[in-house]
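Okay, so chain A shows up in both of these, paired with chain B first and chain C after.
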Partner chain A sequence: MSRLATWLILAATLTFLIGPFLIVIFAGLSAGEALAFPPQGLSLKWYAKVFTVESFRASFALSMFLAVFGTLAALLIGIPAAYALNRYDLPGAETIRTIVAAPIIVPGIIVGLALLRYFVVPLNVTITLALFVTHTALVLPYAVRVVSSSLNNLRADMEEAAVILGCTRLQAFTKVVLPNIRGGILAAFILGFVASFNEVPASLFLSGPGVRTLPIDMLSYMEITFDPSVAALSALLAFMSVAIVFLAERLLGFSRYV
Partner chain B sequence: MFLNRSEGLALALPAALFTFLVFLVPVGILLSVAFQNEDGALSLRGYLDFFAQPLNRAVFLRTLKLGVLVALTSAVIGYLAAFCIVNLPPASRGRIFGLVVLPLMISPVARTYAWIVILGRTGIVNDVVVGLGLSDTPLRLLFTETAVFIGLLQLFLPLMIISLVSSMENIPKDVVPAARVLGASWLQVFVRIILPLTKEGLVIGGTLVFTGALTAYITPAILGGSKVLMLETLLYQKVNVSNDFVSASVIAMILIVMCFSANLALKRVASVRR
Partner chain C sequence: MSDAFVSLAGLTLSYGETVAVPDLDLDIAEGELIALLGPSGCGKTTTMRAIAGLLTPARGRIVIDGEDVTRTPANKRGIGLVFQSYALFPHLSAFENVAFGLRLRKRPEAEIRARAEAGMATVGLTGFEGRRPAEMSGGQQQRLALARSLVMEPKVLLLDEPLSNLDARLRLDMRNELQRVQKDTGITMVFVTHDQSEALALADRIVLMKDGRIEQSGPPAELYAEPATRFAADFMGFENIFGVEGPDLVSETGRLPLGYPTDSPILAWRPDGVAVGAGPHSGRVTASSFAGGHREYVIDCPLGRIKANAPIDTAEVPLGRDIAFDLPQATARPLAA
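Moving on to the complex of A and B:
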C-alpha cells in the first residue's frame, strides 16, 4: 500500500477515535451558557465551576475511595490466589480460576441489580459497602491475571533456594517473591484503579441518596442540565487517567504487564 | 511447584469464596427468578410473556443487529488500520499504537458525551447542515440507531485494532510482497493470506466488540434514550419504571447466554488452530 494511503487511513481512524474527545475539551472552554462547538468565546469558567458543584465533589470522593480501596482489597485476596494458582498443584484449580474470572464475563448491570436485591436489601447492607464489594469483585480478575503473569516470569527455584538457605516460607515470599513482582502488582493496581473509576453499569442500581459514583453523577447531571460543565469535567478526568497511565508507562513499562 | 495442597487452598480460598458469595450467589438467584411462576414452581412463563410483547422482541433484535453491525464494521476498519500500523517504521508504530489505546483509558461517559456535542441540535453537524442550507431546521441525529451505532463503534474499535495488530505482527514480513510479486490481487492477498493467518485475532477482537456492544449501557442511554432502547437500557427501565423484576431477570439471562455463547465460540475457534 502506498504511503499516502497508509497515512490517510490512519488519520481517518485516529480522527474518529480521538477527534470527538478534542472537541469535548474545547466545548468545556466555552464562555457561553450552552453547550456548543465551536465555543462562544473562551474561558476557564466551566473548568472552575466543576470544583464548586457539591455533588461532583462528593461523588468524586466516593469514586476515589472505591477505586483505591476496592483495588487494594482485590490485591489483598488476589495476590495469594494468583500465587497459589501458580505455585501449587491445586485440586479444582480450574474451578477456582473460573469463579474468580466470572465477574469479567457477567454484564455489569446484572451484577448491580443482583447485589441490590439479594445482598443490600436482605442483609440490610449500606450502599457504600455494596459498592465497595462490587468494585472489589470486578477488579479481582484483573488483579489475579496480571499478578499471575508476572509470577509466571519468576522462577520457582529462587524461592526454593531461599528456603534451603534458611528462610521461612513467609520470608521467602516477602524477601524474594514480592520484590520481584512489584511491577506487576503496581500494574494491576493502575489497571484496577482505572477500571473501577470509570465503571458505570454495575454501580447503576447501587446508588442511594447522596451516594453516587462520579460517572453516574455525571450521567444524571447531564439529564437535567445542558451546560458545558460535564464537558469540562470529562476533559479533566481524561487528563487524570491518561496522566496516570503515561507515568506508569514511563516509570515501569506498564504495557509489559497488560 | 509446592506440594502442600491445603496450604495452597488456604491461599486461594479467600478470593474464590469472596467472588462466589457476594457475586455468583446473588447473580444466580436473580437469574433463577425468571424460571419460576408466582407459586415458585418451575416455569417458562417469564420468557413467553417477555417475547410475546412486540416492543421487547424489537429491542432484542435491535441489540443483536447493532452488536453484529458494530463487530463487522470494526473488523473492516480494524483490518485497514491494523495493516497500516504493522507496516509503519518501528518508531512511529509505537506512537500510533499508543494513540489507538489511549481512548480505552478515558471514561466511557466522557467519550460518549462527545457525540452530543457533535450530533446534538446545536451540534457541529447541524451547524454545517443548516449553515449550508441543506436543511431549514436542524436534523434529529441524536436518539437514533445511527447515533448509537456510531457511539458503540467508537467505543469498541480500539479493541479490534489491538487484537488484529497483535496477530498481524506474527505474519512473516515478506509473505504479502511475495504474493503480490507472484500476481495476487489485494483481494486475493487478503482472503488467502491475511485472513487465515489472523483468524485468531479476528475472533478475539470480534468477541470483545460484540459482547461489549451487547452489554454497553452508557452509549444507548445517552445517544439512544428511550427512543432507541437496547437490552441494557430496557432492563434499567423494567426495574426503575415498571418494577417488573421478572422481565429484568429474563433480559439478564438473555444477555448472559449471548455473552457466554460468544465466549465459547471464541474458545472453540481459537483452539481449532492449535
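Moving on to the complex of A and C:
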C-alpha cells in the first residue's frame, strides 16, 4: 500500500473519531441563537447558559448520584461475585458468567422496557429507585469482569499463606486480596462511572416529572429549545470523560485493566 | 508413639470423591527433619496441606505436641509453611512481609521490629527491609518466605519443594541454609519433594510415598542402600531391575542366566554396580557418554537395556560393538515382589 493511501486512511479514521467532538465544541461556541455548524460568530454565552438552566442542574446531580452510588453498589455486589467465580469451583460458573455479562449484550432499550413494565409499574417503585437499580445492574458486568481479570493475576496460595500466618479468611481477603486488586477496582469504578453517566436507552423509559438523567434531559431540552447550549453541555461532558480517563491512565495505567 | 511430636493416625484425605491418601500413619519426632518423597500424585503435598490445616481430613487424627489439632483451623495451628511459589505479599515491603504475622498477633511495635529484624538477619537479608518482593531475586524471595514463617516460631515448619525453583548453585546455598536453620532452632521440619537427591542430602529421615501410602521410610543411607521394593529401588537410582525365574533373570523382552542362586523374586543393580569389560554376558553398546568421573553405557542384551557405568581409565568401547558385562551377586539388591 502506498504512503498516500496509508495517510488517507489514518486521516479518515481520525476525522470520524474526533470530528463530531470538534463540531460539538465549535457549535457550542456560536454567537447565534440556533444550533448550527459552522457556528455563527464566536461567544462563550452558551457555555455560560448551561449552568443557569435549572433542569440541567437537577439532572446533572441525579446522573452524578447514579454514576457514583450505582457504581459503588455494583462493586459491592461485583467484587464478592468475581471472587466467588474466581476462587471456588462453582457448579454452573460459566452460565453465571454469561448471565452477568448479559446487560452488555442485551439492548438497553429492552432492559428499560422490561424494567418499566414488570418492575416499576407493578411494584409502584419510585423512578429514582428504579434508575438506581437499573444503573447498578448495567454497571455490574464491568465490575465483575474487570475485578475478575485482576483476581486472575493473584495467586490463591497468597491467601493460604496469610491464613497460616494467623488471618481469618475475611482478614486474608481484606489484608492481602483487596490491596492487590485495588488498581482493578479503581479501573472498574471509572469504567462503570462513565458507562452509567452516558447511559441513554434504559434511562429513556425511566423518567418522571422532574426526574431525568442528564442525557435524557438534554434530549427533551432539544425537542423544545434548539439553541447551542446542548452542544456546549455535550462538549463539557466529553471533556469531563476525557479528563477522568486521562487521569486514570496517568495515575494507574488504566489501559492495563480494560 | 509416646515420644512422637507430630502424629498422623489413620489419616484419610480426599478431594470430593477422590481419595488421595487412604489411612496414613506417620510419627515425627521433635526436631526431626523429614522428607516426604514421591512422584507427583503420590499424596505428599496433600499430606503436608493436612498437617498445615488447609485440608480437613475425612478420617483420622493429627496430633501436634500432645494436642489434637485435627479440627483446629489453619490460622490457629501454629504451623509454618513455605510455599513452592513463596506466596509473598507483593504489596508489602520485605520487612512488612516478615512482620505480617506478628502484627496480626498485635504484638507491641518494638517487639515486632526487633523480631522481624532478627528474622531477616537469620536468613541474611539485613538491608533488604525496604525492598518489594518483586525487586528481589528468586533466592532472596525464598529466604524472605522462610524468615516470614520462622519469626512466628512455629511448632513445625513445612516446606513445599523448597529447592525446586532455584538454580544449581542457589540450591546448594539454600540446602546449607535450611540445615543451619534447623540446627540453630531445633525446629521440626517436614519438606515435600519429588527429587530423591534433595531428600537424600537434606533429610534425617525419608518417607517415600506411592499412591497415598508409605512405601518405605528410613534414614537416607538406608533407603539408598536397601530399598525394599521395586518402586523404592527405581526411585533410588537402581536402573536395572529384573525378575528372577528359576536360574534366569527375566524381563518382557527375554531372559539371561543369572549364574548364582538367589531366593529373591526381583534383583536390582545400580549402573555403578554393573561390571563392564569382562563377565559372562555380552551385549551391544547403543549409547555411550562421558560423565566426568565415569563413562555411561547403555547396553542392548536379551533382557532389554542395561545401564552401566565404567571407570574412566578403561578403553572406550565404540557404539555398535559388543561389550562383556557382569551382574555381580555382590552389588545385587534383592527386592520383595
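Everything that follows uses one rule, which is that the second predicted complex is superposed on the first by the 257 of 258 C-alpha atoms of A that agree within 3 Å, B and C clash if a C-alpha of one lies under 4 Å from a C-alpha of the other, contacts with A are read in each partner's own complex, and residues count from 1 in each chain.
Just so we're on the same page, a residue touches a chain if its C-beta (ideal position, glycine included) is under 8 Å from a C-beta of that chain, and two chains touch if they have at least 3 such contacts.
The shown structure was predicted, so the numbers you read here are calculated from the model rather than taken from an experiment.
**Student:** Chain A residues in contact: does chain B have more, or chain C?
**Tutor:** When the residues of chain A touched by each partner are counted, B comes out ahead.
**Student:** Can A:Ser55 be said to touch chain B (first), chain C (second), both, or neither?
**Tutor:** neither
**Student:** What is the contact status of A:Leu10 with respect to chain B (first) and chain C (second): first, second, both, or neither?
**Tutor:** first
**Student:** May I ask you to decide whether A:Arg155 touches chain B, chain C, both, or neither, giving the answer as first, second, both or neither?
**Tutor:** second
**Student:** Tell me which partner A:Gln171 touches in the superposition: chain B (first), chain C (second), both or neither.
**Tutor:** second
**Student:** Quick check for you: in the superposed arrangement, does A:Asn180 touch first (chain B), second (chain C), both or neither?
**Tutor:** second
**Student:** Please name which positions on chain A make contact with chain C in the complex.
**Tutor:** Result: residues 155, 157-158, 160-168, 171, 175-176, 179-180 of chain A touch chain C.
**Student:** Touching chain A in the complex: which residues of chain B?
**Tutor:** Interface residues on chain B, with respect to chain A: 1-5, 7-9, 11-12, 14-16, 18-20, 22-27, 29-30, 77, 80-81, 83-85, 87-88, 96, 99-100, 102-103, 105-111, 113-118, 120, 122-124, 154, 157-158, 161, 214-215, 217-218, 221-222, 232, 235-236, 239, 245, 248, 252, 255-256, 259-260, 263.
**Student:** Quick check: in the complex, which residue numbers of chain C touch chain A?
**Tutor:** 52-54, 73-77, 79-81, 83, 85, 87-91, 100-101, 104-105, 148-149, 152
**Student:** Applying the document's contact rule, which stretches of chain A touch chain B when the two form their complex?
**Tutor:** Listed in rising order, the residues of chain A that touch chain B are 1, 6-7, 9-10, 13-14, 16-18, 20-21, 23-24, 27, 34-37, 77-78, 80-81, 83-85, 87-91, 93, 96, 99-100, 102-103, 105-111, 113-115, 117-119, 133-134, 136-137, 140, 144, 156, 194, 197-198, 200-201, 204-205, 215, 218-219, 222, 230-231, 234-235, 237-238, 241-242, 245.
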